[in-house]
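So, here's a batch of structures to check.
In what follows, subunit A forms one complex with subunit B and a second complex with subunit C.
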Partner chain A sequence: MAETVKGFKLEPKQLRIYGLVGSVVGIYLAYILNSVTGTNIFSFVGALAALFGVVMGANAVRRVCAYGIGTGVPSIGMLSLGMGVVAVLFGLSIAEQLGIGLLGVIIALVYSLIFGYVVGLIANRVMGFNIPVMEEGLTDLSGAGTLAILGWSFAISGSLGYADIVHSVINTGFLAIIFICGGLAILHPFNANLGPDEKQDRTLVNGVMVGGMSTIATGICALMTLGLAAGMVQIVVGFAVWYYFFVWYFRLAKRDASAVVGTGLLPPTVQ
Partner chain B sequence: MNFDANTIIYLLEIIIGGLLVGVGVHFVPVGGAPAAMAQATGIGTGTVQLAAGSGLTGLLSAGLMMHAMSLSPTFAQDGYSIWPILLTGAVGAMIMMDATMLTGSWIYAYAVGAPFASAKVNYDPITMFSQPPYVAPGTVGQGIPTICFVSGTIGAAMGGIGGAMIYFPLVLINHNPAMSAVFAIGIFFVDAVLASWNIQGTIEGFHDPKFKKWPKAFKACLVSTAILALVAVLITPLVGGV
Partner chain C sequence: MDAFGMGLVAAMGALATVAGASEDIDSDIGSQSNPNSQVQLAAQVGNPHRIYNKAIAGEPPSNALWCTTAAIMAYVLIEGYHMPLLFAAAAGASLAALFDGVMSVSAYLGRNASQARFNQWIYLDILRYTTPSIMAHVWITSFCIVLISIIQVYVLTPHHPFPIPVIALVWGLTVGAIGSSVGDIHYGGEREFQWRLFGQGLNTMLSGQIVRKAEAGLRNSIDNAWFCAKFGGPCTGMGFGLTVFLDNWRTTVFDPLTQATAAIAMGIFFVIVMNLYNFYCELSARRKYGPYPGYKGDIAA
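Now for the complex of A and B:
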């Protein structure tokens, strides 16, 4: 393996800051770009913002699940999105009622972080898990689920208004796609890479890769809600993200493999 | 948002629904990956998938019942009645779970060729058949014995009633079936995952020693659903209808 592949190692705190700040700033940036230019072409920035949250969530999954939770990794991803969907609906709805529509993102995020911490406390104290990073991990996961749903919802609706998101994401049922694709982006990386040689960079690169595929899916949804241009931009961006990170992931997988051998062509059939 | 007696009733309904889901999960014979390889008793998939499946079918059938009620000529005076809705939710979830267990059993019996046996009890409490001779060495039972089938049906009924009990008040609060269903699914997943963590992924049914741990899940689901329910009743309908 003469080829050197770019790897990285990030502390959970660093990743949390990148995830929270990157995602929130990204969602607001997408909103500002959309409203300044008066189009919905920049909705794809919301999908890119969701990727920051996904990376934070994927890292939390690998920290918590490394202890073994007994039910398989998918359960924690579904929990994350379950907490997220409630927080998003609540945040957007309450902000609309109070007349501070734009702060819905912050309200949803704060509620989800608190709720995630409470669920972590319950898991440790009531269920007796005794996983030291449980509270921290579930706080991250809950926030990640919320940001993923918010980002991809923005990518489909092109707006942060409660009414718009209800009309174009919830009433159409596209939320189910966000739920499963977002869940996959958060839970799949660790599920696919777990084992004694699990490496942080390989897992997180895999997370972004799946996030790119989810962006393609939301792009197809956006074709219907936002029109051809915004949808196509999103599909192309999603494909670019997927391709770049797939190649990177492939090289990381080769780096971590003990040997890569070619098997050649299939032997000719003996008659 | 006005807080009145009705709001408190809605709050209680959602909390009870969440508790039913949390306890109902303990009845469902979840085998996880070992059961998929016929090395453990139960259905060969995870708790969350089963809970989600039965909960969603419960929501769907409850929604159908609500729609059927609204077609009644006397709907304007009568309004919704909660009991048929809960019952339909339970029946929908039971049909889903029983269909899963039945078709799963065909595969275990005719494709894998494993005799159904439970490793947790010596005699099936319902059929009184002896179990240990049929448990293959190195496994913890195979297939879905009668007791697990009955237990799973009870669990699905509880999950379906729970799902309908979360969905019904939410529709009355926000008048938007899609949003209520999404919200109910969120609450459903939280409770189902907490309960499945409590049983550590696998359980055979109410005869399993792990079933005695249900008070822990009850407490956990009570706290988490209470926090979610408080938020759920604050959501208001959109201005200008759905």
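Now for the complex of A and C:
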């Protein structure tokens, strides 16, 4: 093939650091930018921060499900976001009650990592999955789900306060789209690329692409909660992320496929 | 009970019937959900094909996504910008269809690229002419589901206390689950494996040996829609429509607050009648088409 496509290969530990640090720093950066400028226009940075968590989660799904969990891919994605919802509500409400509202993100994250590890232990020891990376994978997944929910919730509410998030994310029902679209961003990459010739870069690029779509969706929600300007910025940023990564994904698929043809009959060897 | 409320319940039942039918046909065009495993397996056992492979997380989560996407758009337009209800639902459904298009394309590209060693090609013409018909069916499904949610929240009294996105999420999961268990059996059992004898089940030997050639030329996914629209789709529609209609009917006829016992008793009555009818259907099918020629009596486990 004439054109060369940019690919990559990352270690799980590297990805975990990128995911956790990138996401937490991004969420706080969004908070600081919003506070310093006194607007809510920078809420889209929270949505971008969620993408780091999503990439980490997508890689964890890839690792755990490579042990032959085919139909379990959607389930594990939903499990991830389910653990995330519990951890986010727990972390933010505890932080609010203790009067350290800003540390809610850290509390939620630490709680979710422990929660994920315990669920992983139960899955392996009690239910007998016997998958070596299960504990590690579910710890990552739980953290990823938490960061995704936190990032996109910030993108909708423009605040890290428990009361604000309950008011503009949960009471409006927008948590439903964060849950299902964020869940798809974590589980769809591996599910869409399932097969013996699955490649890490193609899977993760797909994850960011679906994350871009989620950002468009949260941007639409933000049109109502944050106003026209903040919502539109988020939609445009989401579209840009989606477009860039969709084109990249298409090139990677072309790179990996045995042939990409405009039309044609079955491959010559099997007709 | 008032006539207006009953009319609304009937309208919801009709919308649900359409939503169920289009949901099933959408998943059949894309070979989503349970029949997908055989489409996926086909290339691996040496049968590359020209059938769409839309693997988006199984039907319940994916339909929940389309319906919720449509619902947030409708909710924002109604609450934030005071748009008419029907326009809001149509705008939401359009967004859901676009989301579905992207997900379908990425799943087709990804799944086929991951089967490179089995010589499964990516055919771009399949993407071009099959994806729009998947999106069209998703548009219908999400439009109907969002309208049901809107009726429940804004029109039907008492108003449902939940916001539209949450109701749409639950209805999306429900329609996906019903489509997956009703219509997909028809596609997977009757269309992918056309020569099976009654009672044979899916022999392991036949795994992946799906029908790849059509009446003329190679089979494509639009042929599957033509086939499934005759029985699987309407059956799913009836299943989902009855679920929505009967459940809302009993709480409209009997006031949930003062006549709760009667409403619950009616629900139990429906469950019993449906179980008896199912039992009758199974017995009747076995009497007419069985037994399987290879049947050698029950084998003790």
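Operating definition for what follows: the second predicted complex is superposed on the first by the 260 of 271 C-alpha atoms of A that agree within 3 Å, B and C clash if a C-alpha of one lies under 4 Å from a C-alpha of the other, contacts with A are read in each partner's own complex, and residues count from 1 in each chain.
Everything below uses one rule, namely that a contact is a pair of C-beta atoms (placed from the backbone, for glycine too) under 8 Å apart; a residue touches a chain by one contact, two chains touch by 3 or more.
Since the structure is predicted, the reported quantities are computational estimates derived from the model, not experimental observations.
Once subunit A is used to superpose the two complexes, subunit B occupies space that clashes with subunit C. When the shared chain is aligned, subunit B comes close enough to touch A:Phe115, but subunit C does not.
When the two complexes are overlaid, the chain among subunit B and subunit C that reaches more residues of subunit A is C. With both structures placed on the common chain, the touch criterion links A:Glu198 to subunit C but leaves subunit B unconnected.
In the superposition on chain A, contact is made by A:Asn171 with both subunit B and subunit C.
By the touch criterion defined above, A:Thr71 lies against subunit B and subunit C together after alignment on the C-alpha atoms of chain A.
Judged by the touch definition given at the top, the superposed model places A:Val210 against subunit C, while subunit B stays out of reach.
When both complexes are overlaid on chain A, the residue A:Val5 reaches neither subunit B nor subunit C. When the shared chain is aligned, no partner comes close enough to touch A:Val236: not subunit B, not subunit C. Once the two complexes are overlaid on the shared chain, A:Tyr249 sits against subunit C while remaining clear of subunit B.
Using the contact criterion defined above for the overlaid structures, shared-chain residue A:Leu223 touches subunit C, although it does not reach subunit B.
Among the candidate segments 132-140, 150-158 or 186-194, the part of subunit B whose C-alpha atoms clash with subunit C in the superposed model is 132-140. Shared contact residues on subunit A (touching subunit B in one structure, subunit C in the other): 70-71, 74, 78, 171, 173, 175, 179. Interface residues of subunit A facing subunit B in the complex, by the touch rule stated above, are 69-72, 74-76, 78-79, 81-86, 89-90, 93-94, 97, 111, 115, 118-119, 122-123, 126-129, 162-163, 166, 170-171, 173, 175, 179.
Across the interface of their complex, subunit A is touched by residues 37, 40, 44, 46-50, 55-58, 61-62, 64-65, 68-69, 71-73, 75-76, 79-80, 95, 99, 102-103, 106-107, 109-125, 162-169, 212, 218 of subunit C. Subunit B contributes residues 1, 32-33, 46-49, 52, 176, 178-179, 182-183, 185-190, 193-194, 196-198, 200-201, 216-217, 219-220, 223-224, 227-228, 231-232, 234-236, 238-239, 242 to its touches with subunit A in the complex. Touching subunit C in their complex are the following residues of subunit A: 70-71, 73-74, 77-78, 171-177, 179-181, 183-184, 187-188, 191-199, 202-203, 206, 209-210, 213, 217, 220-221, 223-224, 242, 246, 249-250, 252-254, 256-267, 269-270.
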